[in-house]
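As structure tokens, the structure follows; a few thoughts come after it.
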């Protein structure tokens, strides 16, 4: 079996560096080029931190890159605006995009879906590549069908500004789609201190813990007569995203359609 | 909508008592009779602990019960031998069995499946009715596809004689079906105290904790680069089985085929 | 060694029943009488649930009981008002009180302390006899000296009306006594949903989870650079109070002074 | 108040680098020199990773350093052999040692204790500077007096070779000193898979989990009638040691005696 030939856009970002490492260390993957707005015509091994990654040319211009280098997949870890342009261009050159940025508009997604359909090509856009987090959300949605009583506790380092976290809100939204709507807790419950019962999202409660030392953690607790079910994800570092990128690259090669969200390719 | 008419076999056992409570307290369920090897021709309200359950006759003989009383579902919480006889007889009288006992042979299951097919009737045999535990096992099997590194920690009261628990073994078996086989831990790891790394099942490790105060708890831990995913079920009392019985009764009415294991009716 | 002779006041309450069981099952304890506002002059074995507890007379009047029956310790599990009267009377008859009710006034406590000092007798008043909970609070107070960043998550069944729980508030108060005062979280943090960050007690945050299936649980989380420390207590049933009653009875026999709060006799 | 003047030996090791950061960032600490077997007579700011740490000379020879530079405390993060020599020399020059290496012999400790006594100087040797871990061990020892039933679960990344971890063994030893000796679990319990019940240390059980993604974690579970108490420490990175170093430096300045083990300075 030939290795999957991969171009990475945004190799010097925090995610990009992990992706370069992943592709280099995976036997059936091959890094054939990178796209970067700087360092055109240099080799990746000329840059600090990449000295051991040989024979990988750098391109400023994605079109030139795709015209010159034969590839199967583009991993894009840039920005939403650039990501859209890169995905569209890659599909034009019959290269399947795996894009890890958020912020696509509905129109963007619809346009990409249409191109994929015409070209019969796979394309995966995933705002969250941490498989563990995506499974936690997916399982929460499944469990909520049987256990409508649920609370979410998310825990992050105390440098985080917003509460609740984006993942907690996304989890609550996914649960809302599957559970019978209900207002939880005792109808006459009362807070003797404001905020004790957390935030109320569609009748379920969300609690945000902030402490130094913590990284990024979330538990979803389901309760029912005589039992509780707890789903918990702990993320310790950025490496957690890479198993998701790997699955996405492998999956996009078998697809001839568009997918939004890693949860839709995990079975 | 008419309520689902239900016969309970084994009403005086620990599970049976909970089932009587469940059926009595559920609006769209109706308890129409019970089958017990004692107290023939008496009323359930004559027995201690059931004084408030009116108009429910007791039968010794399941055939006589089924001939006399019109029912939709038989909930059987007796013993494997009796359970098989009851299920077969119920199907003969066009009543759908929901059976909560373990120990059926392959031949038993095949026979019931065949009868269901012929009669186009639903039948559910479930060794474990705790939905939370069944979801934990099902999610574990799903997660193991992406996270082949997994350990199981089960925790029970210190009156429990066998280790590991049946649920832990069943979980490990289900995981084995979906994960890429691997021997976990460092190839050169070594125990400086015997047993520290737990039991080895097909390359994954199982740990059994026994302490007074505990009831029945299990966690399944998945680890991968930079992240962990934990699935945990806590069972505090027998009430935990009843949500599963409820789902099984509702589901068996829509089925015209045989199902073994609650995991196969949870979506 | 002679067994410790014990009178129990309030034997038919939920705590009282557990205490009767404890005293009966402990080799070096002996139940010599009970005080109850009903059933004067009967024997405890005449009452439902106590048939196996022989030779224990019932008294309505504590004075008459103390005059007639030689005892070392009075375990009082009645009400605050009655408890105060019982404790005072017991000390008068040289019997050491172990009282498990809340709601004593400062004056009550001062009066009892004075009597203990004069009579050189031990007396223990403990609003919470669950040793595990008391240790969690005590350890939290100790840890807060080194880890001023702390959040409390308490979790109870959804029949509970007030949030946060009394134990959570008491824990926060004890922590406040030992930690350097600080407002936790990022100074610019902001809630995009009201209440997400929980209740604010003296700069630390308290979160209250309510779900069916839960009993009474609390975690105290401390965070500091690169590490977290978690103290957790799970209470599954009333039996959890009895180890505290046992320690209190054993300790009160060695004391000749007054103690308020189990935390002050645990070393 | 004058800042505490500090020399760090071993500044380029993993712990040493963190210590340099700690001392530089603490207002009432001042880094006055470092001792390193390389780079004599250079400045610390000449070395990679220390460019922002100005005015700190490097010495090869500790004696010369102590003769030239006035200091209050020596933080030694080198090796056991060097550490002993450094501590002895520092005390000779009236500088208080805070040493973070393991492997001191009983004779070494006795010698240092004697010097401290003669010179009336503080000295702290601590094999583990993670305050959270030390508190977990200390609290475990205290809790075991009341809860003799206890199991330890330690969890580490799967690159770790030995099981159980040194911290788990140390915890078990400390618990053994305070608990009533007992063989836990049911007397007739039996393993249907070898090792399920973990390692047996003095009647208590230890379980070692190894998974990729994990860092260094330990829980100590106590069980008793109707309740459990759980003490858990999670270490995410080396920063966790620094709060312990800070407390040790502050404490050693107030001491005029020798201390072995951080647990003996935490109150």
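Points to keep in mind about this one:
As written, the chains take the letters A, B, C and D, and residue 1 is the first residue of each chain.
Just so we're on the same page, a residue touches a chain if its C-beta (ideal position, glycine included) is under 8 Å from a C-beta of that chain, and two chains touch if they have at least 3 such contacts.
If you want to know which protein each chain is, UniProt gives these names: A, B, C, D = 4-hydroxy-tetrahydrodipicolinate reductase.
Fair warning: this is a prediction, and the values are worked out from it, not measured in the lab.
Judged by shared residue numbers over all numbers used at their interface, subunit A and subunit B contact each other through mostly the same positions, with over half in common. Distance between Cα centroids is largest for the pairing of subunit A with C.
Mean C-alpha position of subunit A lies 36 Å from that of subunit B. Separating the centre of subunit A from that of subunit D, both taken as means of CA atoms, is a distance of 39 Å.
In subunit D, the positions touching at least two other chains are 213, 222, 224-228, 234, 236, 240.
Contacts from subunit D toward subunit A in the complex involve residues 213, 215, 234, 236, 240. Listing the residues of subunit C that touch subunit D in their complex gives 130-133, 135-136, 139, 142-143, 145-147, 222, 224-243, 247, 266-267. Residues 149-151, 153, 155, 158-164, 169, 184-186, 188-201, 205-214, 221-228 of subunit D touch subunit B in their complex.
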